[in-house]
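Two complexes come next, and they have one chain in common, subunit A, joined by subunit B in the first and subunit C in the second.
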Partner chain A sequence: MSTSTPNRVIAPARPASSRAGRHDDVFRRQLARLGWGLSSPALILIAAVTIFPICYAIAMSVSNVSATGNGFSLSGLTGSNYSIMVHAAQWRYALFFTVFYTVVTVAVEVAIGTAIALVLERLTVGRGWMMALLLIPWSMITVINAQLWGYIYNPTYGALDNIFSHLGLGTPVFLGTRVPAIAALMVADIWKTTPFVAIIVLAGLVMIPRDYYEAAEVDGANGWTTFWRITFPQLRPTIALAVLFRVLQAFGLFDLPFVLTSGGPGYSTQPLAILAYNAMFRDLDFGPGAAVATSTALLVVIGSLLFLKVFRSQAGSEA
Partner chain B sequence: MRNRSRHGWHRVFNGVNISAFLVFLFIVIPLYWMIASAFKTPANVGASPPQYFPHPFSVKNFDVAFSQNTFGRYILNSVIVAVVATALVLVLGTLAGYALGRLPMRGKFTVLVILLMISVFPEIAVVVPLYALLRDIGWLNSYQALIIPYTAFYLPFAIWILRNYFLAIPREMEESARIDGANPLRTIWSIILPQAWPGLFTAGIFTFTACWTEFLMALSFNVANNYRTIPVGVALFGSEFTVPYGTLFAASVVAVVPIAVLVFIFRRSVVSGLTAGAVKG
Partner chain C sequence: MGSSIPRFRRPAAVLFTAVGMASALTLAACGSSSSSTSPGAAGSSATSSASGSATSGNITWWASPITTSTPDPRTVLISAFEKAYPKIHVSLQSAPTDTDTNRASLITTISGGAASPDVYMGDVIWPAQFGKAGLAVPLSKYLPSSYFSGFAPGLVQGATYSSQVWGAPFFEDQGFLYYRKDLLAKEHMSVPTTWQQLESDAVTLVHKGDVKYGYVWQGASYEGLTCNFMEYLGSAGGSVLNPGLTSATVNSSAGTQALSFMRSLITSGATPGAVTTFQEAQAMSAFATGQAAFLRNWNYGWIYSNTASSPSSVVGKVGVAPLPGFSGQTLPGTSNIGGWNLYINPHSKNVAADLTFIKWMTGSDAQTILATQFAEIPTLQSVRSSAAVVAKNPVLATVPKTRLIPRPAQSPAYAKVSQAIYTNVNSVLSGATSPSAGLSSMASQINSAESSTGL
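Entry: the complex of A and B
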């Protein structure tokens, strides 16, 4: 891990003590050594278990990987894994699906989550209970959530079909065709994650100074204007962070479609992570699979760096 | 403090209450459906039209899940993996979080940024190399095959949470301990830790929940029946054509309720952990 970047700025600005400067320097060096000593068990473990595989996956993605009796072996550099990937219709669809899914679910979750937060902020009875209730979907095992929705969507005894037929809407097979299957997947995701967004937004909401609202009220602003002129601008950093968390999560989407739709029908609900998983663990196409996995990770890292940069410069210009 | 708009209060109050009730229903109905179905008779789980209330009330599904199937074992496996990984994360994370928060280490911000990057890194990118590594050392289908990766993957987030808590503790206390000649581990143990309990709690609950719900690595490394965790057991239960939902939900209720109760009791620290990033930037 490269940790040697000289970064003197970080030396804490301690008040000059009565001690002599040189003595202080020696003391500080001792403390720094102690710091590395204390953090090394954690840092070494993290490096061994995460950084090694990350490098290995990158190497796999640019090598000829052949499946052997009990695994695979690497031989020679090649660009063919990436070219296979780029030319595969499945990959292009998975990329489109992952991006589309991420954009739609995050947009809906942020909209509903903000609405829920606004409601909870004004709620006078049972607020603590509602907060606790919001945490339950967040803490639920995604695989269980997927099975639960699979039961709700079941075409022969599912509750949703029963409700639809009572409403005179027939009995659709939700997971059988592409568009309803994607919508069904999104609903299950929105149920599980909107509460998480609501909790984060609520935390931002209670930080907004009261006098802003009082000033707006004096000026005779109505609720709608107050929201767009005061609440929303003040909430922007919080919402931005919630969006970042959710985008990163949604981009690695795996558990929910793996159980609920197995990526189907066909590969219409197959995100990048399932494509990579199937390529490597099912079809033993290790090279192209590693290319998909590595490029997905790269997109996530570049995306979050860009986001942080834009976010920082925006926050800076507004401050 | 919250009724700042006394203006038209009654109207707002009603609207708020109705909306909150809708939110309540939105969350509770699917949960109710899972719990209610677990208590139906196995035949009634597949009744069409569906039974909206379990009648007759039955615990047969629980019997099937825990005495005819090995869901008890899956829960035990999940508990072992999650408890050991959480303990390791807290010990290593406290030491590292203290060092990175309090000690004048050159380059620590680089380390912190790298840790942040690792904590958002998609698991899929590392699963196959880790699989190969674990296979080569003969650790596939074992507890350590999950404990070690979970510890490493959830440490970065825990270090960040703990560091934020350590930063908030007044510096004078540890300086006076140092002047009194206490060694660093002693300082952490008797000065820092007692004040950082909420942080340890938050980091602990987060790590535990993450381990409890993790699926991709558990599916890739531990598919042998004896080492399956709950998510893997729940995902792979049944055949491709029939899913025995009654059994599944009985097991799920047992897997979900303890965590829900835990989160419910410690909701304050969970909320503060969830929002630490959002509020502190």
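Entry: the complex of A and C
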């Protein structure tokens, strides 16, 4: 992104400029050099903590990796890490679980988030307060969030357990049974991230020109028609942005199941990120672990690009 | 329309963001640097002076909390050590309480080449994995066999992998049965010696309304469930792996008996369904708050539930016994061995001082402190059998009566073997899988772990 600065400096090669202009050029070139100099520590740091690990993980995923007391030694080029991964039932389940979890939570979050945004937009009194309240779940660290939900779901003294037994519905073990455990994780996730979607959608709502609504009113459209014909099409880019952000995050699901279920019962709540973590740091299977991590990242990138493409072609056909 | 769409004018920028976020998944940011010190180099420089006789230097000791009691046993031991060796300064680095998180932190630290911590307290199930990956110093290269012969039987063998001893036994844990003396007396019951008797007593106590839960133990999907399963399996006469550690033997009639019984504890109402989410802390607190009649826990269960300083509401009402066995088979049942060893980081700059520290911590002074002040089971045979020590530690009086069973930790793939055990047992306990299906999936996962063909 910062490459645009030097280009702009070099580009205006005015042949017969005034002294003042030339002075200006020299000044800007110096400024650009200073800018590069000042930002290079940050750029180097970003390269070291982002680009290097990504490349290293990709290299690990295609090599025979052995962990020694002195770090890793990578040797040879092999596809066996990916072959181990693809043949593992655990990986196939984790992939299914992660995709399923992402689709369900993102869909619910977008639906509820949009509804909340529509209400917030009409609020005249206390909108600031409502938004501040809404942001509390979103701003809480997920691990703490998960611990608090852990108290709610706790099968011996949890709030939910108490409510269920008072209603005579028995004492279900929410985190110890497969379907309720998955649902419990989704509820905690939706509770935390719906406000994020709501705030983004609200920003989009505010930007829709008022005269569209006035025109609709003149034409006698009812609320439902107005939403589907004006609000929703106008919101689509914003919703797409929210979906993209959420998909990227949901696909990296780690902390919620790590704290609440550690993947159990059995493997039923084990997402790809926990699978990769366990393979690497518990079993010291760095090669297959890197294969899981790399393929997960690749899937997210491909998924996001596909989503953008579909979204754009739809938007294009409607325009 | 057109004006509001192009928020994604730059696919490259979006892609960059996507890759950046996904990089959180690649997890490989840790411990990838390689250090110039090889364990060989560290070893050879130390060999000359490393008979464990250094009397000065600085040591960092990585240890997770040993008990929740005050004062902290780690600081008590350190100050006693520094009194004995005033020129050696020990700084404590507190490790995560969760053994898996603890291990992950250590692995990234040591394989990253860090020289600190010098000495770390590690689980008894780590020697094979750490020895194979070069994450510990083979202590048997520096310490004579006379040093190792002082420990209680089985402990040194448990710390051995590929004929080297990788850790010095620091304290031992075993599974025990804790029971409520007052409740048993009220219903005229004797202390159960068989699992079947325990189950029916627990059901009776719950049905009579004496207590909320009958028998609580550790059934969550984690290492502790492997320990619990090993105890039922051992009592039924089964094993997880063949002696050559090449193939699973768990899918047997003993395995079926063990796993079906564990599930029946829940279906009969002896054990609450919530046990599938219980680790030590949850089981312990259910018992210590008076909600459960029986508890399976490690030796600290005694000090936690039955001493005046504990937060327990059942002080004075607690008894301790060996775990039951299956009726018609050898009694008592088997108790799993847990506990902690002291290991040396291969990058440590001061191996000689590390050895001095380890020798003192496993010597009679430190072991007596652990046994008498903190109710741990000492690893040193002479301390364990000392009458003065046993008098202050009632759990030790039960220790000679227990029958021990180790986990199959001699395999470098043990972490995966254990995961195959606890995830499948947990799934059976939750009712999602039948015992026979759980055992066959467990066996096939263990086999693929041993042949390193699975995740």
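The rule is simple: the second predicted complex is superposed on the first by the 259 of 319 C-alpha atoms of A that agree within 3 Å, B and C clash if a C-alpha of one lies under 4 Å from a C-alpha of the other, contacts with A are read in each partner's own complex, and residues count from 1 in each chain.
By our rule, contacts are C-beta pairs under 8 Å (C-beta built on N, C-alpha and C of every residue); 3 or more make two chains touch, one makes a residue touch a chain.
Please read all numbers here as calculations on a predicted model, not as lab measurements.
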**OP:** Applying the touch criterion given at the start, work out whether A:Leu306 contacts subunit B, subunit C, both or neither, answering first, second, both or neither.
**Re:** neither
Subject >> When both partners are placed on the shared chain, which of subunit B and subunit C touches more of subunit A >> reply: B
Original post:
Between subunit B (first) and subunit C (second), which, if any, makes contact with A:Val26: first, second, both or neither?
Top reply: neither
Original post:
When the two structures are overlaid on chain A, which partner does A:Ala57 contact: first (subunit B), second (subunit C), both, or neither?
Top reply: both
Original post:
Given the touch rule stated above, what does A:Leu38 touch, subunit B (first), subunit C (second), both, or neither?
Top reply: first
**OP:** Would you check which partner chain A:Met280 touches, where first means subunit B only, second means subunit C only, and both and neither mean what they say?
**Re:** both
**OP:** Check whether A:Ala293 is in contact with subunit B, with subunit C, with both or with neither, and answer first, second, both or neither.
**Re:** both
**OP:** State whether A:Ser268 touches subunit B only (first), subunit C only (second), both chains, or neither.
**Re:** second
**OP:** Would you check which partner chain A:Ala183 touches, where first means subunit B only, second means subunit C only, and both and neither mean what they say?
**Re:** neither
Original post:
In the superposed arrangement, does A:Leu175 touch subunit B (first), subunit C (second), both or neither?
Top reply: second
**OP:** Please identify the positions on subunit A that touch both subunit B and subunit C, taking each partner from its own complex.
**Re:** 1, 49-50, 53-54, 56-57, 60, 70-72, 156, 207, 237-238, 241, 248, 251-252, 272-273, 276-277, 280-281, 289-290, 293-294, 296-297, 300-301, 304, 315
Subject >> subunit C contact footprint on subunit A (complex, rising order) >> reply: 1, 49-50, 53-54, 56-57, 60, 67-72, 84-85, 87-88, 90-91, 154-156, 171, 173, 175-178, 207-208, 233-234, 237-238, 240-241, 244, 248-249, 251-252, 261-268, 272-273, 275-285, 288-290, 292-294, 296-297, 300-301, 304-305, 308, 312, 315, 318-319
**OP:** Provide the residue numbers of subunit C that touch subunit A in the complex, in ascending order.
**Re:** 1-2, 4-5, 7-8, 11, 13-15, 17-29, 31-35, 37-39, 100, 103-104, 107-108, 110-113, 129, 133-135, 220-222, 272-274, 276-277, 282, 286, 291, 346-347, 413, 415-416, 419, 423-424, 426-427, 429-433, 452-455
**OP:** Under the touch definition given earlier, write down the residues of subunit B that touch subunit A in their complex.
**Re:** 2-5, 7, 12-13, 16-17, 19-20, 23-24, 26-28, 30-31, 33-34, 37, 45-50, 92-93, 95-96, 98-100, 102-111, 114-115, 117-118, 120-130, 132-133, 135, 148-149, 151-153, 155-156, 159, 184, 209, 212-213, 215-216, 220, 230-232, 234-235, 243, 245, 248-249, 252, 255-256, 259-260, 262-264, 267, 270-271, 274-275, 277-279, 281
Original post:
Which positions of subunit A touch subunit B when the two form their complex?
Top reply: 1-8, 10-12, 28, 31-32, 34-39, 41-43, 45-46, 48-54, 56-57, 60, 70-72, 115-116, 119-126, 128, 130-144, 146-152, 156-159, 162, 191, 195-196, 199-200, 203-204, 207, 210, 213-214, 217, 237-238, 241-242, 245, 248, 251-252, 254-255, 258-259, 272-273, 276-277, 280-281, 286, 289-290, 293-294, 296-297, 300-301, 304, 315
